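Shared between the two complexes below is chain A, which pairs with chain B and chain C, respectively.
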Partner chain A sequence: MSMYNYVFRRVGFMAVTLFFVTLIAFAVTNILPGDVALLILGPNATEQSLEALQTQLGLNRPLYVQYIDWVVGLLQGNMGESLRFGEPVAQLIAERLPRSMMLAVAATLVAVVLSVPLGVYAAVNQNEAPDVSASMFAFVGISMPIFLWGLVFILVFAVWLNLFPTGGYVSPSEDLVGSLTRLVLPAGAMGFALTAYIMRMTRSSMLEVLSEEYINLARAKGMSQRVIVLRHALKNAIIPVITVIAFQFSYAFGGVVVLEEVFFWPGIGRLTLTAIQSRDIPLIQGCILVVALIYMFSNFAADLLYAYFDPRIRYGGDD
Partner chain B sequence: MSAPTTATDAEADDGPLLDVRGLRTEFRTEGGPIVASNEVSFSLDRGETMGLVGESGAGKSVTARSLMRLIDSPGEITGGQVVFNGEDLLQKTEAEMRDIRGNRIAMIPQDPMSSLNPVMTVGEQITETIRRHQVVSKSEARRLAIESMDDVGIPDAEERIDDYPHEFSGGMRQRVLVAIGFSCEPDLIIADEPTTALDVTTQAKILDLLNEMQEREGTAVLMITHNLGVVAQTCDHVGVMYAGNLVETAELGDLFDRPRHPYTRALIDSIPEVDTDYDELPTLDGAMPDLGNLPSGCNFAPRCPHATEACRTGGDPSLDAVGDDSSRAACLHAADLDLSESTVPEAGTGRRDIDRSGQPLFEVRNLKKYFNAGEGVFGNVHLSWEGGGLPTVERRHVKAVDDVSFDVYPGETVGLVGESGCGKSTVARTALRLLEPTDGEVYFEGQPLHELGSSEIRSLRREMQMIFQDPQSSLNPRKTVGQIVGRAMEKHGIATGEEKRERVGGLLERVGLSRAAASKYPHEFSGGQQQRVAIAHALAVEPKLIVCDEPVSALDVSVQAQILNLLNEIQEDENISFLFISHNIGVIRHICDRVAVMYLGKIAEFGSIEQVFSPPFHPYTESLLSAVPHANPDRETDRILLEGSVPSPINPPSGCPFQTRCPKKIGDVCEQDLPELEAVDGGDHYISCHLSEEEMSQRDSFITPSKRAETSPADSD
Partner chain C sequence: MATEQETERGRFTITQSQRDRIARFVRKFRSNTKAMLGFSIVVLLVLVAIFAPIIAPYPIDATNIEDRSQAPSVEHPFGTDDLGRDIFSRVVMGSRISLYVGFGAISGALAVGAVVGVVAGYAGGLTDEILMRVMDAAMAFPPVLLALTLLVVLGPELSNVVIALAFVYTPYIARVSRSAALAERNEAYVEAAVARGESDSRIVFSEVFPNCMAPMLVQGSLNVSFAILAEASLSFLGLGAQPPRPSWGLMINTGRGFMETAPWMLLFPALAIGIAVVGFNMLGDGLRDVLDPKVEAIE
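Moving on to the complex of A and B:
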């Protein structure tokens, strides 16, 4: 199996998955309680005006027609118009998505930079003081939900130490420094919470690799500890960690939804919440679709990276 | 170069290359300290090969790793000296040791599959060793690496140097490891079971390669192995280890002719000889004691036929010179004992007569099993981009079993032998419908298994049991042995309640365990005992056929013989049939009535043991049998070394599957026509080859009875 075959197959599977996602997104929004027309017009609306609006929105057509209509629109790049904002959904999402991305990427970066070296360090000093303290540090990270860490970070670094602003968003193109200072706390809080998992994965993966025969042989060849850890072991150990990192990135994206509330960060998380609160069906559908796409692509990226790092997959090995 | 070779070379002229004195290595465990290497002393001269043999857990590997100071916590070298080139390695700093490892002392590890780093090219793994120890440029190191790959016989080294380990076969990977070992022209190579993971034919080639490299470079080799055949073939002198102690050292010839320690005698005797028929295979009874719980006195006393009161009460006997040769033995009575004669009774009743006039118990006809190449539903869909334009889609198969036919009669043992990957296990699993066959017919007592539904199959399962290589994985770890064996009886409605308990007890005794074993858990038993439990489990449902898939491959030689004897005994009592899968030719020789030799999913030869081990030979059978190392240093070897490696079953060669490696290949006919499996010497001996009977009969039988001293082939791995 060549790399082409591999990518080809993965893209095929993604297309199938995407189809199911559209089905689910559509189904979920249509079984949500609450009549959209009623929500828009308010409780005092008359029977006729409600019906007129439903006709206008196409809500009284059969479900499958509505679905096909929606998918055809999607294929043409048209995600519909938000009921609440009266703007195209695509535009609303396009505006907020990069902000959420920035937050999720920064958080993942923080997590990786903290956790991979920690995991390696812990594995190399297995069961000794550095290992125990690194594990404790990581354990503290997952001991609380992300939004609580957000509050703690605000309290400590913004309110007490007054180092960073408590929240808000500034576009990096307008004010780079201001933007970054506002990024530090939410990214730090989320990254910290993500550290534990990646660190533990790195540690156990490293431990497993360090007991492999080829590590033994590397020592028997006279290689130094540094070369063994960095050249021989880490390159192998990082392979499963990459999947976890990609998974954590998707997870970070989920965390963003909550954290954006805490830090007043106008990203896709807050957009989704608003959409759900106001039963803005096209917007909800759009948000679900985009988030699902991001999940899928980060996992796809993980697999490609995995294949890149593991020559046995890259060239389709026998094992 | 970081190590001052010239200085040490000069120094070493007046002493052995390696002089180990009183080496002691301990492991701290929960149950107290374990001494895996206890006051071990031996020496090794330049260019010499020393073998280190002994049962599993005797401390061979620990001793070898101690020489390189590669012992990890919780292990520790607690005493002795390792004088190498005149300097005590135990006094060196870790940094100095790193300059010696891979440079002056190199290691060739056991398992070629796991000893190379999967994410580094083989070139990187060779050059990093060179660049670690020699001051050379990158391109120079690369040139040297290509040269060393050439030296170890890797074809197209220049192209293959940037390939990853998984792109090489097992034998080729072992060659890469040999190349790494020799890359800095070390004075000493430690080879820890360098061929144990390999097939006989590959093993023979690697041993030849090692010999050749050693002669060319004048390297000394410490060869660790449990295979006395390998020792006889490669070593100048030998050390025997038992329970952490070196119990005998001797010149190779002396060791086999005049062993001085009863353990050495027993070890040699426990190897089944190919040219002798036994009533029972010779065994070495009992097991090596747990290193954490050694008997007082001589460690071998519980198993020693010569043990006296003095042996049991004194301390460890010390390794002292015995006799007028250079042998040393750690035995109180070494001087008085004459162990030069084998203790194995040579008489044997020979083979049973199997009545093959009636209906076979089990019959396999034209069985095929193709696997999808690759994983998942579309795993075998292969896009080919060759030829430009649109890619073409094809489905690819691994033809694991391709048109196999044989039969098993009541009370008979039929063997399947062949190199790894030839499809032995798949034949068994498919025939029992543990896997769905792709095509073909299977009959059990005349019933067509291939047509039966799954519920009918399930009720027939009782008649057909299976025993696997790894008993641990087939026994539920959370159930007691009594529950495991009893459950099988209940499931098939054989016995319940008190009767069941009674039967379980009887069965456990039958397989050589005590009744009390019923209340223990599988992990409380040794590998050999677990295999006995697995046998009891199979016998519980009173089957007519037991399929044994490499049942003794994971066991030590001594335990192996015990299990084989048990199987033989059971067969005689219960008239059970066995389908016996093994890659070990010595074992096949002694347990089977008839044997099928498999190559690349097909049967190359089928017949009785006498027929297959005597001419006419299929060329593959001939090379396979000739490659078995004989545990007799005096024996002339006339081995046929096969070129290349087994082709991929995804893309098997056209015509005869063996044609890519066959030393007797005729020409086009072999490349174009698949030879039929045809009867030769007028009867029930079948060979699939285009050669004439005469051309296949140019070699003598491998089992012609002759004097033991002249021919004693064996395969003890």
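Moving on to the complex of A and C:
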């Protein structure tokens, strides 16, 4: 299978998945206990006013009509209006999404900065003390949920050492320093939790490259260890690492739902929780859909990278 | 006659080789430090959960306002919480919740995921496409978000957490089982079964299935740790176990409000989660080393 065919097939799969995702988001919020009209008007609403609103919102139409209507609206960028905020859902999400992105990107950066050097260092000192301690460090990182690392980081760096604020968000355009100091702890906590996989991949990829013929040749030619490792080996070893980083980004994005609650970070994660708590159905639908979409697309991008760099995936087919 | 004899002999060799395989597995498992360490932690956890009412020195809901927010001491090894409840007792009893959710959710995911995966892998074609695309759709959601969404529908309750997480982890098990079944499909014993005229369902469930168990077990034990983490996250968000249940995630949620004055309220349940997760992770990793000859060859 050529690369084009592969991409084509994957795009096809994604279209199908996308359909299922909209179906799930729609279904979940439509089997919710509690009628939207009742939620809007409150328990004291009269039968008549309920019926009027149901007609107005189109809630008494068949479900498939409502679904098609909803999807058509989505395609036009119309996600409905939030019951709680009285604002368009799309606008609420557009306002908070960049903040979550900022957090996920920063966390991935932290993870890369920590894990790639650590992985290289571990590979060069295979099975020796630095290797073992690097593995331990990474293992500790994945042994607790991200939100717990968040709390531990708050306890140590904000409460005990008083180095950073405990949470909150400031727009970088208003106060860059204040914004960055509030980013350090959540990004650090999540980055730490993501370190393990990238480090493991860097380590094993480096080990593989370091055992290649041309590395021995470079050694025989008398090149220094530093030049061999950094200039020759790392360049070739980094390719599979990049794909793992792409997967970790989507993982980070999936994790922001919980992390934002810990750090009072007003992104799409907290918006989702607020929507759930106030049973704001259009907002729940919108949030679920947007988060799933971004998660899906970044996984898709990672898959493509993976296939691009590793021809075995393509030529071996799906089996 | 000749064929029957051959089949008899064939069956005998299978059982013999199976016995050998089990013996080799036990030997390799016992010499694998990671697997043994993980196994010990898991066994210890299970024992703590079983004997929790005997181990816990105080009832989990015994409030004592005079003793509230006490630092760890001889009477209260993990200190007391904001209502004067003994944290050690609550952490010990909380192991039951974590293991209930972890094992419960993954048993459910294994039951459904394994069948879906093996059937998809063995049948191939359209059946495979349809089943796996549905699994893909479920995997398109971040796990915690999907569980959260399902809990909105089902209602925040512990048994619903088990159902939601079983649903979330089913596709992961299905994927692994499918690729295992794909590999088995072309094996000689399947061809032999087809030649014997056995029905598809018999081949799938009594021949292919048992040979796909190893990767399912590895994935399952790794997923138990994910499910334990997820339960903690969901209870932390207020959508999982409800007070006064001693869920570790819930205890952390309460403890976060007392971080400055009583950090032990947060630290001990956190430590418990860490230990449980490390245990199942090590067991899963170790099992993979032991069961997968490829990994062994690389290392």
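Everything below uses one rule, namely that the second predicted complex is superposed on the first by the 257 of 319 C-alpha atoms of A that agree within 3 Å, B and C clash if a C-alpha of one lies under 4 Å from a C-alpha of the other, contacts with A are read in each partner's own complex, and residues count from 1 in each chain.
As a convention for this text, a contact is a pair of C-beta atoms (placed from the backbone, for glycine too) under 8 Å apart; a residue touches a chain by one contact, two chains touch by 3 or more.
These numbers come from a predicted model, not from an experiment.
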item: First (chain B), second (chain C), both or neither touched by A:24; value: second
item: Touching partner for A:255 - first (chain B), second (chain C), both, neither; value: second
item: Which superposed partner A:81 touches (first chain B, second chain C, both, neither); value: neither
item: First (chain B), second (chain C), both or neither touched by A:143; value: second
item: Partner chain in contact with A:222 - chain B first, chain C second, else both or neither; value: first
item: Partner chain in contact with A:214 - chain B first, chain C second, else both or neither; value: first
item: Partner chain(s) touched by A:309 [first = chain B, second = chain C, both, neither]; value: first
item: Chain B or chain C, by number of chain A residues touched; value: C
item: Overlap of the chain B and chain C footprints on chain A, listed as residue numbers; value: 319
item: Chain C-facing residues of chain A, complex; value: 13, 16-17, 20-21, 23-24, 28, 31-33, 139, 142-145, 147-148, 151-152, 154-155, 159, 251, 253-255, 257-258, 261-262, 272-273, 276, 279, 284, 288, 291-292, 295-296, 299, 319
item: Touch list for chain A against partner chain B, complex; value: 1-2, 4-5, 8-9, 12, 212-214, 216-224, 227, 231-232, 235-236, 239, 309-312, 315-319
item: List of chain B residues in touch with chain A within their complex; value: 68, 70, 98-103, 106-107, 109-111, 114-120, 128-129, 132-133, 164, 166-167, 177, 180, 374, 378-379, 381-383, 385, 391
item: Residue ranges of chain C touching chain A (in the complex, touch as defined); value: 133-134, 136-138, 140-145, 148-150, 152-153, 155, 182, 229-230, 232-233, 236-237, 239, 252, 256, 259-260, 263, 266, 270, 273-274, 277-278, 281
